[in-house]
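The next part holds the structures, each set out as structure tokens.
You will see chain A twice below: alongside chain B first, and alongside chain C after that.
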Partner chain A sequence: MATQADKVYVLPGDEINPALIPSHPKHPLRLGPGLRHVPPSDLFPTTAGQLVTDRRKNLIWVESNGGRYIPAVGDLVIGTIHHGAADFFYVTLSDYTSNATLPQLAFEMASKKNRPQLHSGDLVYARTHGPRAGVRVAKHRKGRGPGPLSEGMLYSISLGMARRLLMRKSAEEGKVVVLDELGAAGLAFETAVGRNGKMWVNSKDIKTVLVVGRAVTETDEKSLTVEQQKKLVRRLVKEMA
Partner chain B sequence: MTTTTTSGPEALLSHLHSADGSATFSYAGYTIVGAVNGPIEAQRRDEIPEEAVVDVVVRPAAGVGGTRERHLEGLLQSTLRQIILVTNFPRSLIQITLQVTVAPENEYVNTKVVQANTNLPILPALIQTAVLTLMSAAIPLTATLASVVIAATTEDGSNREIINPTAREIEKSRSLHVFAFTSHGDLILTQSEGEFTMQEWEDMLASAQRQCCPSTSGDVNMGDDAASGADLGTFTRSVMEAKIASDLYWK
Partner chain C sequence: MPREAEPSQNEKDFILKAVREGHRLDGRALDQFRQLDLKFGEQYGVADVTLGKTRILAKVTAEVTVPYTDRPFDGIFTITTELSPMASPAFEVNRPTETEVLLSRLLEKTVRRSNALDTESLCLVAGQKCWSIRVDLHVLSHDGNLIDASCLAVVAALRHFRKPDTGMEGDTLTVYTPAEREPVPLSWLHSPFCITFSFFGSISVGEDGEEKDIWLLDTTLLEEQLRVSSCTISMNKHGEICQVAKPGGAPVEAVTVVQCSSLALQKVKDLSDFVDQKLAEDSKHRNKGGLLAELSADNAR
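Now for the complex of A and B:
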């Protein structure tokens, strides 16, 4: 994570102070979202945000919140099946955008004879695969693995919140502890977070689903700090009982 | 209501919930609400195979849009296309809607709308709103914009430039000019009306450049000209920084 004392804010087209660009003897410099490389060696921000660097991994990107989800290769997303065709499902990742394609054979254990049965409106947890948002279902390390999501409920959250929830150490780096706190309070539930600003929650108890959804959306909308999140969870759990 | 040209700019960002990006911007007696949606699916008949379509809609404070709004839309569309990275989003659409909610009161005489004889004075406010809205929607841009209106008048036989003139001053002026610059200091839009010589235009270009991009023109002293308006570049930066800081409160 960034270790600079003061935060650097950039606007589109600003010049980046060369001292802020990390350099590493072995790894090539990798650009994250919000940056544009103009050959041969110019680097410009394209969105307004905070410039963040990781000197150890030689990464640089612009952190911001808001806007529409723009698909990038390797993102975990929650899509809604729009319709199916012979070999593909057409999947909606955000409203009013072109559908992404999801090959029917991309599912685990799927074969020509044994195809997944999905209908329009069903949800899938998937990883974006190529340009023009081809989607493929791939294995995932932790939490809910990719595949069809049945039952449960879908919540819309901001892109920044989705990113924080998807961080490997969401509590330390993203300062979001609602889910951990809810789990610690004894609620049993399952979540899947899509980088496209969607969160799916499922539980045997419908009350739990609603409490989890409310806790996360409220944290997102009211920009709650760690302490406030803990307080919110205590209140919601108390109200539930 | 006392909206004068000397009142400083004000802006509110991302306040509309269903739009991808939004901003309300008040400056020089104008208040404009902007919303951006995109990149979204373009209609098959509009789409460009390798670029995004930029669609600008301007709606007036009263009534429905007419030729004046179409003219402004045309100017804005060709300007914004230059700074939006359209090649990043082939076959998609970026839709920019700008609703004028308050126009300077001088445009009304005896509560009757005077048919505005010029389209230009509103352009800087529209451009600024559009840029703020695009940044709020996190649409990739190559640069930000700053623009200014300058009127050339003849008073007692001597020529004078007025930066951000009032409606009354525009009426009396010989010619009216709008200049827009990118944050790199490049001229991106120039529109002129009335009678002027090439030399006058060049002088006005120079003072517009001083006004819009103080850092690149080398003249940093803004206090020497009492007639100069607020520095929109600095304003944009401070507004965006405040928004980013509140968005990334967890960092």
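Now for the complex of A and C:
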């Protein structure tokens, strides 16, 4: 990850310095969100943001904090069941957009005779699968993680925040330490973050859910630094007790 | 028409459970307002109210027109509300939703029918010329409690507004430009404010299982979507109730309504003081060298 000094910011249509585009002997160059390839070899940003590259994996993308979620293949998202049909659930990923489809058999351990019972308004944590007639959502087939989310509370966060929370090293790269700090303060809770700007928090204690939700949304809205986040968590935990 | 996006079942259950235990999502007390801010524009009669994430802009304009034939001694006073798609994708242009109709109706009852603005003072020549005062209300961002915020914006904008000074010499009516004569404020009689109570069913308290209604003040959009009924009480700081509206929904105990109205008075006093203070700040800011007093054509009686 680039340090503060050599961060590159681009505007839509800017020319990208060829020295910044990674090249790799084996992997082909992969474009992430915010970039457009104009054949044969031109590359243009389509959104304003920070240009990020990964030379090892030969990746390049533009990191921006937009308001509208545009589904991409492989995103972990939190959707709301809109209605169910014979084989599919129709799932809302963001308000006022067309629904995604979620096959009933995509759930773990699901079979023709043992279908998941989900009703309108229920939440599911899923992975987007492919842009065929809307978005198909397929359930992630690993043990913990995706699946129906029961109880808890759903919070709306910015897309940038969701991305930062989902980073493998969210503390170092994303500069979000609220969840770690809250955990360290002795609160027991579980979260699920969706790329579509949603965060689900659950705990046995209502107050814990409220504190976690407030800490994350406040960090997001006021774009707090690591130090400020720690201070916020200390204040909220003190208020709670 | 796009339907308003509904919250998921988890959100509904959680919020109701939290409210029953006396907690709100943003950590406020049940009867606490969000951060309220009021800004006046460069022009007279522009008020910008921010209540949490709700933002409302009110603009007052005046023009000389012919009065209604059945009311020759009264000026014209209208309030128009517009909920544009900018506030929420569920709103459409030229197709008023229930929210919009209720909002304009309530403002009408609160501000116009309570005679907050003395329409007789708007008459220039009986039966021929009068002022038409128009308030345009724009909802810039919708995060609940539109009614209270809109009412505050309308009242603040009207109290901030100055209409051009006029003079009658013989049969000729002269409307002076601001350069000739300092514009004059409207004849304002009292400041009504709306306080909306949102009800969330009842819980039993005590050992004898007595039922007690739960209500919230200044609800966010999410809370508003989950309430079972609401009641809007409009009054001024003297405790004179202008109207009480409870449009449908679950029934509420009479005792609760009485309790609500006494709490409303307290909140109205706070809002009234807040607007007074902001208006005073604004006039102080405009009146830098203390020259406004000299420009006024009125006699200090």
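In the analysis below, the second predicted complex is superposed on the first by the 224 of 241 C-alpha atoms of A that agree within 3 Å, B and C clash if a C-alpha of one lies under 4 Å from a C-alpha of the other, contacts with A are read in each partner's own complex, and residues count from 1 in each chain.
Just so it is clear, a contact is a pair of C-beta atoms (placed from the backbone, for glycine too) under 8 Å apart; a residue touches a chain by one contact, two chains touch by 3 or more.
Quick caveat, the model's predicted, so the values are computed rather than measured.
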Given the superposition on chain A, are chain B and chain C in a clash or a fit?
fit
Which partner does A:Met199 contact after superposing on A: first (chain B), second (chain C), both, neither?
neither
Identify the partner contact of A:Val212: answer first if only chain B is touched, second if only chain C is, both if each is, neither if none is.
neither
Chain B versus chain C as contact partner of A:Leu154, first or second or both or neither
second
Return first, second, both or neither, reflecting whether A:Ile16 touches chain B, chain C, both chains, or no partner chain.
neither
Identify the partner contact of A:Gly174: answer first if only chain B is touched, second if only chain C is, both if each is, neither if none is.
first
Have a look at where A:Tyr96 lands relative to chain B and chain C in the superposition and call it first, second, both or neither.
both
Who does A:Arg68 touch here: chain B (first), chain C (second), both, or neither?
first
Which partner, chain B or chain C, touches the larger number of chain A residues?
B
After fitting on chain A, the minimum C-alpha spacing between chain B and chain C in angstrom comes out at 6
Touching chain B in one complex and chain C in the other: list those residues of chain A.
95-96
How about chain C: which of its residues touch chain A in the complex?
2, 5-15, 17-18, 21, 23, 25-27, 89-90
For a test of understanding, state which residues of chain A touch chain B in their complex under the given definition.
7, 9, 11-14, 34, 36, 44, 46-50, 52, 63-68, 70, 95-98, 160, 164, 174-176, 223, 225
Residue numbers of chain A touching chain C in their complex, please.
80, 92, 95-96, 119-123, 149-154, 200, 206-207, 209-210, 213-214, 239
For chain B, which residues are in contact with chain A within the complex?
14, 20-21, 37-41, 83, 85, 89, 91-92, 135-144, 182-184, 236-237, 240-241, 243-251
